[in-house]
Amino acid sequence: MVADARSRIAGRARRDPGASSRWALRSTAFLYLGLFVLLPVAVILQRGYGSGLGNLEDALHSFGAWNAIRLTVVLAVVTAIVNGVFGTLLAYVLVRIPFPGREVVSAIVDLPFAIPTLVAGVMLVALYGPTSVVGGWFEDHGFKIIFAVPGILLALLFVTLPLVVRSVQPVLSELDREEEEAAHTLGAHGWTTFRKIVLPALRPAIVAGSLLVFARSLGEFGAIVFVAGNIPNQTLTAPVFITQLLSPGSYGQSGGPDQAAAVAGLLFGLAFIVVLLTEKLISGRLERTT
Amino acid sequence: MSEAHAQPLASGGPADRAASRGRGVRALLVGIALLYVLVLIVAPLGGIIFYGLRSGLGAITDTFSQQDVVHAFYLTFVIMLIAVAVTTVLGLAVAFVLARDRFRGKSFLSALVNLPLAVSPVVVGLMAILLFGRGGWFEPFFTAQGIRIVFALPSMVLVTIFISIPFVIREIVPLLEELGTEEEQAAWTLGASRLQTFFRITLPNIRWGLFYGMALSAARSIGEVGAVLVVSGLLQGQTETATLYILRAFDQYQPERGYIVALMLAAFSILVLIGIETFKRRSLKRAGE
Amino acid sequence: MRRSRVILTALLAALVAVVTFTGCGGSDTASNASANSGSCTPSDSPVLTLAAYSNPYDAYGKLTSTFGAVWKEAHNGQQLIFQMSFGGSTTQAENIINGFQADVYASSLAPDIGLVEEEGLITHDWQSEQNGSIVQAGAVVFAVRPGNPKNIQNWNDLTQPGLQILTPDPSQSGGAKWNIVAAYGAAMRGEVPGYAKGSAEDAQRLLEGIFKNVTVLDKSANDSLKNFEAGNGDVAITYDYQAATSIAGGQEEEIAAPPSTVFIQTPTVVVDKNAQEHCVQPIAQKFVEYLHTPEAQEVFATVAHTRPVEITEAAKGTESVPPIDDLFTTDDIGGWDALINDTLFGPEGAFTQAFQAAKG
């Protein structure tokens, strides 16, 4: 009974400091993200769309604009899917399958985070470009890697691989093996177990990681600008196109920072909406099952 | 198929074949994964190492005796320290709000955290210029104070903070969610203050995730090139980070120096990441004993 | 655990320390007397900031150092500090417009200076100054593989099917614009076989043929030539002095000069507003004047491999770069204003149309 009274008093005391520190945390968080994320986004949106859709229209009339945006979005989706699959595979291998050198490989997966993007681009050109052993062979057989779409994809895959692996790995290692073992004793083979038990548990993590890959791919510049060739309607991507928009007076377009802002806003608006929608889907689903 | 579990493992029997098939599949999976990593990551890294070390040790010492190089590294690390400090401390606040708090629009906040990953570096630079450059929203205020933001260190720090925001937060939120509040609530009932609880209970539990997030944030900061390129003005020996120096080295026909500096940057990040992994493993092992 | 707390506190302390430290450091990069007071008290060690296009880093490195030494002698040991930035000419212009505190701007083409002038940052009549403010000169040529295996002699040779040409992106590189102007001008002057003199249509056709063979648009002239030197492509259209510098540095390539090409003229000017604010206007003025002296021109010639600024002399070539039969200036084909806004890069311009046809 004394313990009851004590916990009641402590409970009341707990609620008060709880509220103040909760508000302190909230205001800090809002202020931080407001100043560092919302504000810069606001200035882009204001400059881009402050006077209506005119800037966007002008920008889209620029030569190669539509194809640049389309190429970027398509490649972002492809990268998300490919790295979604391979990233999951990699995570599975790293967590479940002991093999010599596993820790080294685990560290290697994080490398794209450590290497400056432009260095990655330079290296990809050196390794897979037309004058290299590999690239040359492919080109002789009619398949261009660097300065063509496959090269862009390669750069994007490199830069975004860790995102899925790091998203799936922790979930996979925390996964309770009971269900899998039960399935195994019931005679299910590896793939069936994986498909029916492990994969559904991993799905939110895979989706979350793939979404990040999508978002990141929309904006990648440093690795691509060396690798791509940047030819409008062929290998020009939206981020490079935005850079071009900043310098007016070429290809007969007006350009300028406002137009660049308009297209930039379009791109990260797209990323934002996609990420937001899917987060809602995931959290919605999670809440329903628990 | 369903009788397999009732029978003992007989050599050459279906269970054995399943086991070896399982091993074969596993080997195949490892093979595919390794090949992917090899083509995509190891080869480019090998290239950097090869080109970086190709000119020998003499070239390395020569590079690091250049004043511009030393200053570039200094600048990179100063910016990195500030960015990591800010994104860690403030990121912790955001992580707590995301993991523990409940309010409408939390998904919005979460998406906001991930937004910097989607913004192209050039656009980040553009943001800084539109905010602080001539004609920018805050330009009159800062000019009146005699403070230079763009084409000077402050804007370089700001853009680096922007691009580093997600990392710590993303590492900690799942940890906090998993951790739950039991231990913390126990501490509160025993009379500990919020701050004490945070330092004595929560922090030790999320320690490794935090350090890992900080390491990622650090790696990303020192590797940033697009945004600082736009806002730095490229003043040699003044506003040149290590990555900008690499750009200039390639531009000015000194690629060996560029590769060497690139290799140093990569090596630093790799060592930090590996270090944290190792400490984590060792500490977990010790905890388990 | 105490350790985590210590680490976090240390981080916070570091943050505070570094911020205050760099806050002081941040104002050092422009530490001259402030203009707020209205009067100019130059500091003991004046700082001059130079924004230049990407190519002449060696030359300006030497020139600033020499000028500094001469100045020190003549001015009681006053030590000048030069801060230098090299990048794409148009990018530098935009940076200056956006607030980069350059006192001297070395651009690679006159229109970029025009951009800065339009914003009111340059107030003197730079086109009437010595040599029209031009400090370096060159010509657009072709960089080819040793022995010129594809036998590229003239602009029309660039249109041969299957050829791979490297030239930079005109929206980001000044050098790219020079390249296009050169092709256009040569055609318009009737110096390209198969293309009628004075025919804008034919000039457009030439440009279209050339750009059909362009597979990579690098973001700067430097990148473009380096890409070529890495083994990609058959020919790079480039500044002759850039190629000459590469060759002098051991690169295996040759310069093939077309009979007719444009005379590259790169002006360097004082950015009046910035120089006045930093109280270095007289020094900046003297530095720019210095660039026109025979000694400075000698440095440009030996280090940067540029041609003499006077056109008839330039057409004769130098040790590093070949003579040109028909060297013409942008004024000979209408002047930059017309080229940029109308005939070449304008909405209906020859290049605009040609590029869209080639890549559409």
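A, B and C are the chain letters, set down in written order, and residue numbers restart from 1 in every chain.
In the analysis below, a contact is a pair of C-beta atoms (placed from the backbone, for glycine too) under 8 Å apart; a residue touches a chain by one contact, two chains touch by 3 or more.
Predicted model only: the values in this text are computed from it and were never measured.
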{"item": "Farthest chain relative to chain A (centres taken as mean CA coordinates)", "value": "C"}
{"item": "A-B against A-C, pair bridged by the larger set of C-beta contacts", "value": "A-B"}
{"item": "Length of the line joining the C-alpha centres of chain A and chain C, rounded to whole Å", "value": "37"}
{"item": "Chain centre separation (chain A, chain B; CA means) in Å", "value": "14"}
{"item": "Chain C, residues touching no fewer than two other chains", "value": "223"}
{"item": "Multi-chain contact residues (two or more partners), chain A", "value": "126, 243, 246"}
{"item": "Per-residue multi-chain contacts in chain B, two or more chains", "value": "129, 250"}
{"item": "For the chain A and chain C complex, residues of the former touching the latter", "value": "63-64, 125-126, 129-131, 147, 225-226, 229-234, 243-244, 246-247, 249-252, 255"}
{"item": "Footprint of chain C on chain B - complex, ascending", "value": "78, 81-82, 84-86, 88-89, 129, 132-134, 139, 146-148, 150-154, 157, 199-200, 203-204, 207, 233-239, 248, 250-253"}
{"item": "Residue numbers on chain C that touch chain A, as the complex places them", "value": "90-91, 94, 111, 169-172, 177, 214-219, 223, 230-232, 340, 345-349, 352, 355-356, 359-360"}
{"item": "Residues of chain B touching chain A in the complex", "value": "1-2, 4-5, 18, 22, 25-26, 29-30, 32-34, 36-37, 40-45, 47-48, 51, 90, 93-94, 96-98, 101, 103, 107-124, 126-131, 136-137, 158, 161-162, 165, 174, 178, 185, 188-191, 193-194, 216, 219-220, 222-226, 243, 246-247, 250, 262, 265-266, 268-270, 273-274, 277"}
{"item": "Residues on chain C engaged by chain B in the complex (per definition of touch)", "value": "1, 4-5, 8, 11-12, 14-15, 18-19, 22-23, 25-27, 29-30, 34, 36, 49, 51, 54, 57-58, 83-87, 95, 97-101, 220, 222-223, 226, 246, 249"}
